[in-house]
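Across the two complexes that follow, chain A remains constant while its partner is chain B and subsequently chain C.
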Partner chain A sequence: MGIPGTWRLRNQRLALIGEVCHTCGKKIFPPRDVCPDCAREAQHAFRFSGRGEIYSFTTVFNPPAGFEEYAPYTVALVKLEEGPIVTAQLTDVEPDQVAIGQPVEMVTRKLQDESRAGVISYGYKFRPRMSAT
Partner chain B sequence: MKPLRSVGIVGYGAYIPRYRLPAGEIARVWGEKGEPPVREKAVPGLDEDTLTIALEATRNALARAGIDPQEIGAVWVGSESHPYAVKPTGTIIAEAIGATPYTLAADLQFACKAGTEAIQAGIGLVASGMVKYALAVGADTAQGRPGDALEYTAAAGGAAYLLGSAEESLAVFEESLSYVTDTPDFWRRPYMHYPSHAQRFTGEPGYFHHVLSAAQALMERTGHKAEHFRHLVLHQPNAKFPERAARRLGFRPEQWKTGLLALEIGNTYAGAALLGLAAVLDEAQPDERILVVSFGSGAGSDAFILRTTEQLPARQRLATTTRAYIARRVVIDYALYARYRRKLLTE
Partner chain C sequence: MRGVSIIGVGQTPVGEHWDRSLRHLAYEAVSAAMQDAGVEGAHAMYVGNMLSGEISNQSHLGALIADFCGLRGIEAVKIEAACGSGAAAVRMGYLAVASGVHDLIICVGVEKMTDDVGGKLTAALAQAADAEYELAHGITFVGLNALLMRRYMHEYGVRHEDFAGFSINAHANAVGNPYAMFRRPITLEDFKHADMICDPINLLDSSPMADGAAAVVLCPTEQAHAFKGKPVHIVGSALATDCLSIHDRRDPLWLQAAEDSARRAYAQAGVTPQDIDLFELHDAFTIMSALSLEACGFAERGKGWRLAAEGEIRPGGRIPICTMGGLKARGHPVGATGVYQIVEAVLQLRGEAGACQIPDARLAMAQNIGGSGATIITHILEAEE
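Now for the complex of A and B:
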């Protein structure tokens, strides 16, 4: 992820901000300005709670460039409480401890940190839920 | 120091990474005998750094405070291991919690007391009415040179405090005091990966002189004796130093045990005293008095007298407790530690 992308996506990456459709009420993530359900335009920003559950998952042993040092890691489709399904890395969990339906919560972690001189890419990952609420 | 308008803590939060390196592993690798300074230390995962630690602690503080982040007027992060040498950690925190754009944001450094320094400054800003809430965070991923004595204790963790008016607070600052001198006990020059320390300055001229002087002066000024406090939290570079300092101040073990975490997590530097305070606030009852004294090399101490309020119990369980983070524990060996802390040459 280059610097423009890191900057442009900072709200969704750092704060899990998507959209809510002001016509049909559907929650949208990532934000896309047109509701995937009713096709209306101009949505409002919406901050997701970060809580969800594992819809499906797989463990990556041959990572793409830039993710080598984190392998093996598990990537999951996380169904957020508010509806949308998000693809994200899991963290703070061993691959054999992951299960479909497992409650998870969003945390912010380093996504990529390729060069010692570059911009650090932070964003959402999910981990087994431990929060009190 | 006592502000004209009373200020307190409206929310607090802790974070400790899940990996633990037992002291026995370090002793095994370097062939050392003798009693280690801590049992084990908290180690960050590959995707963690001071920003991610500070951010989770801040989210916990916000969960307990239940305030609108747009009303936070200052975001200050104290650390000696900020991810960037130039580019503030504070702006990333502010963006992530939704406090941008009308807020102060800055990083502070004062070895292990950068976080309490942020609290002192925050008290002033809130008391003056310039901001409604101020966020003060102390967090670190401390670096210990392989083979150095500090390797046993240099750990990772942090705690965040949202400061606001006394009426909204779960604990109120009754009085505070700061004490600094120019003391060359520990330092790190630019571009150096690991800190240096002057062994003979670490104990008496460094830690004990500043912690005891700050605590004694604050107790004298307020007329308090050790028995007036339910809890004592001191900076904890190991378990031995704070215990010895507490005894010299006339405190008993039951007053310091809740807030002394070093044996289990090591020295979290700017997070250390603030995590101890978070552990105390997790368990304290209303109307208890707490003495907190930090220490930062270079050197100085900030001392605070806090009194908990009726609002504390209802907020204690609104976020993950300090003890829950300590209990979430994955033991690693020295080899995994070397990988997680990027001590291996891979190219």
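Now for the complex of A and C:
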């Protein structure tokens, strides 16, 4: 993803800002402008807490182009406490220490260093929850 | 709407065809299908393909393949729906004939994967998923299926080896298919000890990347008997979509588009799952087979794996699947796969499946899945009376 894309997604990547549907109350991440439940417009920004739990996970040993230097890394589906599931890498934890149901929290980390385009993209990853809740 | 029939089929062996390019593979399948039907031309061609732009630096396949097959000038366009591109192309051909716009259509699925290997191919395949919210986090296509499989095992208390029956069946069936990539059986021990790719998915849960092309010729049922071969009738055809990302699904472990497309196809054909004699499903990974059987009404939620464990998916079982090797052992040239499935179903219904023949097969279902479930196409085919 180049410079415009990285800039465009800064609110989602860095602050986990999604949307809330003012018709039915559903919290939405990633933002999609139309509520997936009631199909009404839902463009009101909503900032997620960043707290959730592991829904599923796997460790990638054969990465796609652009991720070679990071492999192996663990990717999870994280169920946020507000409802949505997000796909994200786990950090600060060994793969054999991960379990379904484990509480996690969002942190900001480097996602990819695309040196050819001069862009270092940062965004959300999740780690075992450390903060008081 | 007019009834639509398949009057010719053709395919190349699935494998690593270092000596043949995308266009040559497509021509080989189209030419075989046209000979099988006894036709010398067509009014339109739909080309199913996913990766040509990424891997072969070639877009614009409609014109390229039509011209290369000696059909310069006809309507021709590429149809893309990730790994569902092949059956999506057949669906477009079906609509063109059913609507009365065209009388003679060629649908060809073609994929050339071995022009690149490694990370670039892995990244190209992953484009079936959401670039901004899945791929940006380094997930691969195998990885997405691994997320589903781990959750499935957790939710339903299933062990990894409980999926072995899917791969063992596919490999056993491929032995009799001269076009299959892996014509050798595997054992439970092989499955249990295969190399891990992306836990819990190991090498023998996974279908292989490959080159290949397959083609069908379609015409209105009312004209089907004017051609030389035994026609097979498309009695159900449906395409349904779901969200691109697993994380956006209402229930990640339910293939809603499989249920929706199968339900519509059953209704159109006036049949139920119990009537289906064989099912060419999209076993890109063993977990997909289980989810597909559940969504299509062959097993209850969380119990699709049992059909494999109990041998009900083998020839002679309750619902034989992957009768000519499936994606696992025939091979998975992604954008061609959906057409291979239909070609194999046609061979079964014409009684020409050789060592793979399911006795007295009259109704066959084929289901092709794009991505991790976002585009799913289901066809039901019926043998000639």
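We adopt the following convention: the second predicted complex is superposed on the first by the 130 of 133 C-alpha atoms of A that agree within 3 Å, B and C clash if a C-alpha of one lies under 4 Å from a C-alpha of the other, contacts with A are read in each partner's own complex, and residues count from 1 in each chain.
By our rule, a residue touches a chain if its C-beta (ideal position, glycine included) is under 8 Å from a C-beta of that chain, and two chains touch if they have at least 3 such contacts.
Note that the structure is a prediction, hence the values are computed from the model and not measured.
Asks: Look at where chain B and chain C land on chain A after superposing the complexes, then choose clash or fit.
Replies: fit
Asks: When the two structures are overlaid on chain A, which partner does A:Phe67 contact: first (chain B), second (chain C), both, or neither?
Replies: second
Asks: In the overlaid three-chain picture, which partner chain does A:Val98 touch, first (chain B) or second (chain C), both, or neither?
Replies: neither
Asks: Kindly classify A:Ser56 by the partners it touches after superposition: chain B alone (first), chain C alone (second), both, or neither?
Replies: second
Asks: Can you pull out the angle centred on chain A between the C-alpha centres of chain B and chain C, to the nearest 10°?
Replies: Angle at the centre of chain A: 150 degrees.
Asks: Who wins on chain A residues touched, chain B or chain C?
Replies: Result: the larger residue contact count on chain A belongs to C.
Asks: So in the superposed three-chain picture, is A:Val34 touching just chain B, just chain C, both, or none of them (first/second/both/neither)?
Replies: A:Val34 contacts neither chain B nor chain C.
Asks: Considering only touches as defined above, state whether A:Arg47 meets chain B (first), chain C (second), both or neither.
Replies: After superposition on chain A, A:Arg47 lies in contact with chain B alone.
Asks: Look at A:Val107 in the shared chain and tell me whether it touches chain B only, chain C only, both, or neither; answer first, second, both or neither.
Replies: It touches chain B, and chain C stays clear.
Asks: Classify the contacts of A:Arg10 with the two partner chains as first (chain B alone), second (chain C alone), both, or neither.
Replies: A:Arg10 contacts chain B only, not chain C.
Asks: With the superposition applied, I'd like the minimum CA-CA separation between chain B and chain C in Å.
Replies: So the smallest C-alpha to C-alpha spacing between these two chains is 12 Å.
Asks: Of all the chain A residues, which ones make contact with chain B and with chain C?
Replies: The overlap between the chain B and chain C interfaces on chain A comprises residues 70, 111.
Asks: Which part of chain C faces chain A closely enough to touch in the complex?
Replies: Touch residues, chain C against chain A: 118-120, 122-123, 126, 130-140, 142-143, 146-148, 150-151, 154, 196-201, 243, 245-248, 252.
Asks: Quick check on the complex: what are the chain A residues that touch chain B?
Replies: Touch list, chain A to chain B: 10-11, 14-15, 47, 69-70, 91-92, 107-111, 120, 122, 125, 130-133.
Asks: In their shared complex, at which residues does chain A touch chain C?
Replies: Answer in residue numbers: 1, 5, 9, 12, 30, 32, 36, 55-68, 70, 73, 75-77, 84-89, 100, 111-112, 121, 123.
Asks: So in the complex, which bits of chain B are touching chain A?
Replies: Touching chain A from chain B are residues 18, 45-49, 51-52, 55-56, 63, 83-84, 92, 95-98, 317-321, 324, 328, 346.
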